[in-house]
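First chain A sits with chain B, and in the next complex the same chain sits with chain C.
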Partner chain A sequence: MLDNLSLLVDAPVLNAQLLLDGLFIGATFALAAYGMALVWGVMNIKNLAQGDFVILGGYIAVSLSSVGLNPVLALPIAVVIMFAFGWITYKLIISRIIDRDLFTSLLATFGLAIVMAQAMNLIFGADVQTAESGMDTLLLGDFVTVNEIKIVSLVIAAVLATIVIVFMKRSRMGQAIRATAQDVRAARVMGIDTDRVYAFTFALNSAICGAAGVLISMIWVIQPYFGITHTIRSLVIVTAAGLGNLPGVIMAGFGLGFAEQYAGFVFGAEFQQATVVGLLVLILIVRQIQQARHRQVVQ
Partner chain B sequence: MHKLFRRTAIAQALVFSAFVGVGGLAALPANAKVEGDTIVLGSAISITGKYSSNGVNAQNGYDFAIKRINEMGGVKVGGKSYKLKVIYYDDESTPARGAQLAERLIKQDNIKFMLGPYSSGLTKAIAPVTEKYKIPMVEAEGASRSLFTQGYKYLFAVLSTSEQYLASSIALAAEMAEKQGKKPSTVKIAMAFENDPFSLDVRAGVVDDAKKYGMKVVIDDKLPRDLSDMSATLTKVKALKPDVLVVSGHEKGATTAARQIKEMNIDVPLIAMTHCESGKVVQQFGASTNGFLCPTQWSETLSYKDKYFGSAADYDKAFKAAYPSYKTVPYQTAQASAAVLVWKDAFERANSFDTEKLRQALSATEMETFYGNIKFSPAGNNVAKPMVLRQIQNGEYKVVAPTKWASSELQYPRKASQ
Partner chain C sequence: MRPAMAVFNKLLYAGILVAGVIAPMLFPDYTLQLALLWIMILFSLTWDLQGGQMGYNSLGNIFFFGAGMYICAVVQIGLYYDVADYTAAFGAVKVDFTDQQYFTGLALGVIAAAVASIGLAVIFGRIMFGLRGPYFAIGTLGVALAAAELVGTWEYVGGGGGISLPVYPGDPDVRSQFFYLLCFILTVATFVCLRWLYTTRFGLALNAIRDDEIKAEAMGIHTTRYKTVAWTVSAFFLGMSGALFGNMIGFIEPLEVAFPTTTFGIFMVLMVLLGGKGTIWGPVIGAVLFHVIKEVTWTYMLGWQWITLGVLIIINVIYFQQGIMGWAQEKWPERFGLVVDRRTTISSKEESA
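The block that comes next holds the complex of A and B.
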């Protein structure tokens, strides 16, 4: 561990590699986390199946690329399919639990996660799969390598985020979503069909997850049971950034990307994901202390 | 009082005779798993669940060998010819289910002769059951070394144990270092192994051999079960420039490593990993996988042969003809067929269906099959067949070690073409 740290000091160029890898993967983390924050903030549902939506998006890309479509071009198709999937899921499951307490929604979405993972196992098989974009690797200097698909992913993630922000600010539906998030009853009084807003929000989240999944399948590998790790990542990011704080979500996403890469380097790959959970605990403790101080001020 | 006594006596007699009756019935099935002229074997195998693809490969291997043996006159015991048959149950790839089904095969179906399940994990779950009932099991798909340290007496495995998977790659690295005029002890090794019984066994073999040559391990990373990124480990590889990179983490390890080795232009002279073929690295990452060393239990280019299948190449051809959906024959299939040959050989040498005599016959097995030589150690693993190391050369798997069977020269250092 110590010799790994001294490596980083001796060869600063290693940091560049780790930071770049962290940046690119962090962008896709932020995307999925933003979807989670949206559903959490608007509907007060913590979607534990978030990661499985991501993986499902990845499988759509893998399936489409196996029939000859470039996975980058598969992205819009995956977004549309996942939007529909999200809408149906809302109508079938989420609409029934939206007014229930926290544990009902946690249990329901956790159950959904298990069913989705098993279904994907049956449909796509248990093997690890990837979608090949066919892009080359760039060599920066004589050490740092960046696969072009990672740069493309970063751009796509940025474009998608911008579209969502503009949509939320400008469009009629975006305004309705924000109104519903602020006060459901007031929104209803103003004539907003909140059920439709919920359905749209959940479907939008599903579509965002689908996009993130397509990017993940091109950068990393996917497997039916990898969903849970992505759920935890989203949870960590949203917990760190807070709800309705998009810049915060993006920064936390990048931060988590960096943290994973550094943890993988210093402690070994085995602790890469353990770090994510460790960070969640740390964030909760820090939050607790902050809030305790806040309470004292109020007193 | 007297009457009562008589009544109890009658009751006792009744109970006694009932016991005798049941005992008599129970005594019958001792031979029941030889039905008429058919010997019935039993196996719990993964037909569904996460091991289903290799489970079915193994099942096809069993069936293929059984069909061949039956066509060639069956098994001769006591001057009579018997046919072979297998009862299969689907263990759904879960160890708990596998153990239940082994109980069911033995207790309800009165199976006396078992064939193994797929994977070390399932074999680990079933072996205690067969051991408890003293039922011999010949298995072909559980390679973990830990299976053979439990003192099992009824477990026999035709395949090489997992610590042998990549150990020979270290010997190759030593050989190459000497060729270049360097001492083997100057060789630097980078290791990335999943934290599971199989991969840790593989690691143990590598570490033992590295110690033997006095090589230095510069990276020793463990991979998580749900591995999807090992770029940080590979960044270390780029920084420390080892001479050998060894990876084992089932299919996901092979796929993830191959993808990121390609993306990060990792240039290590010798790269060895398990599960290249089942991880489909060549199909997915093409020329960038050139030079990878991949261990296999069996290859159709080896020169082993027997009187049932002929040479390894003949087996390959015959199996593809019988199962046209296979483009290549997985070693999981070949070793399953070999397990059936071991049973046939043991039946004929024991010349009996007594499980104890059969156990002794199995322990004394010494035969050549198309799959390799088979001779069991007292612990039950096959000590007569070495692992084979193949190198990916222009997208094809060529045997490069051991030298006795090498069909091609080792390409060293590997030429990474992106």
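The block that comes next holds the complex of A and C.
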């Protein structure tokens, strides 16, 4: 462990590699986390199946690329399929738990996560898979390698994030979503069909997750049971950044990407998962201490 | 309570005790399955102490189960051998424990597991009970997942490869009977303890916390202390059950056996919801029913069992959250000693309609 740490100090170029990889993977984390924050903020639902939506999007890309379609071109198809999937999920499950207590939404989406993970295991098999994009690897300097697909995916993530932001700011539906998040009753009085807004929000989240999944399947690996880790990543980012704080979500996403890369390098690859979960617990503890201090100030 | 009900209750308890003792003799092939059933009942009873009676929905109670399992194993082995050597040998070196060594180790291991679980519950209680609502559920889930990952990388206790526990000195049939009886006694002790606890002021304080925590605090209940004590009670029994379960299985590893957050950890919630939370019999009924459903689907629907289970969770949570006991209480409130003034019920219904 200490050897790895001194290696980082001795050879700074390794840091560049880790930071770059963290940047590329962190962008996809930020996308999925933004979707979670959206649903959390608008509908007050904590979607524990978030990671499984991501993995499902990845499998759509893998299946399409296995019939010869480039995964980059598969992205719009995956987004459309995932949008429909999210809408159906909302109508079947989420619409029934939306005004119930918080634990109900946690448990119901956890059940959904189990069903999705196992269904994907039955359909696609338990092997680790990746969508081959057939792009070259670039060599920056002497040591740092970057696969071109990673750069492409970073660009796509940035474009998608911009589209979503502009959509939320400018379009009628985006305005309706933000109005509903502020005050449901007032939105209803103003003639907004809130049920439709909820359905659209959840479907949009699902589509964002699907896009993130396609990117992850191109630059990394997917497996049916990786969903829970992606869910926890989104939870870490959203809890650290807070709701409705888009710059915070992006920064936290990159931060988590860096943290994972460094922890994986310094402690060994088997610690990568433990880092994510450990960070979640750490952030909750820190938040709690902050709140306790706040309470004392109020007293 | 009417005298007829009291007699019926006595007969019921006696019947369950007799059935518990003779069941492994009637079905010797299923002894370990039956022992697992008692452990499931213990799971749901201890979860209901927080989730049902106190209103704190923990998703990480399984943490104490795994912690107890590992502490017991380390004590059992560490009393007579070096644990690091033992786990490094990875079962290649056959280590024999004498009868006396085995039983002393087991007894001390279970006690150590119980005591250490109490300590862990106090530590994590201080950290976790500042979190409310969903953050508490997510935080406890995080603790259980983190424990599984960290134990999996800790070579001293065997890492992801796990530890095989000392072999029971004697006949395998006697072994399963022995562990069955221990699980049975532990679960009955849990039931009796919790049933008594719910009749005391302590139980009332827990219910007050569930109904309105801020009001309970304003009434002078030291809520954090009560919550922590309730968690230590759960941890105490869960730690011991983990110690017994580890020895019953004979081999433990972090992800599937010791900290199975997505299986046993979620089953305990589901069993309570199925049976009806906040009641003493609900968790028991839910656990028995769930165990039967699980075994049937595992046997006849292999490959689809997780999908069945997930759908069961969703349907249970959405349509039937009050559970079997909750439904029965709504249907026949008089039998449960609840007094319902029909007039107010009807008039309030008319008002809302």
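Definition applied: the second predicted complex is superposed on the first by the 299 of 299 C-alpha atoms of A that agree within 3 Å, B and C clash if a C-alpha of one lies under 4 Å from a C-alpha of the other, contacts with A are read in each partner's own complex, and residues count from 1 in each chain.
The working rule: a contact is a pair of C-beta atoms (placed from the backbone, for glycine too) under 8 Å apart; a residue touches a chain by one contact, two chains touch by 3 or more.
All values reported here derive from a predicted model rather than from experimental measurement.
In the superposition on chain A, contact is made by A:L102 with chain C only, not with chain B.
Contacts of A:Q273 after superposition: both chain B and chain C are touched. When both complexes are overlaid on chain A, the residue A:W87 reaches neither chain B nor chain C.
When both complexes are overlaid on chain A, the residue A:F167 reaches neither chain B nor chain C. According to the touch criterion, the shared surface of chain A, contacted by chain B in one complex and chain C in the other, consists of residues 228, 268, 270, 273-274.
Only residues 49-53, 192, 195, 220-224, 226-233, 235-236, 238-240, 251-252, 255-256, 259, 262-265, 278-280, 284-285, 418 of chain B touch chain A when the two sit together in their complex. On chain A, the positions that touch chain C within their shared complex are 46, 93, 96-97, 102-104, 106-108, 110-119, 122, 228, 232, 235, 239, 267-268, 270-271, 273-274, 277-278, 280-281, 284-285, 287-288, 291-292. Considering their complex, residues 4, 7, 11, 14, 17-18, 21, 25, 121, 125-130, 132, 136-137, 139, 143, 145, 147, 216, 220-223, 225-226, 228-229, 260-265, 268-270, 272-274 of chain A touch chain B. Touching chain A in their complex are the following residues of chain C: 57, 59, 127, 130-131, 133-135, 137-139, 142-143, 145-146, 149-150, 152-153, 160, 262, 266, 269, 273, 303-304, 306-307, 309-314, 317-318, 321.
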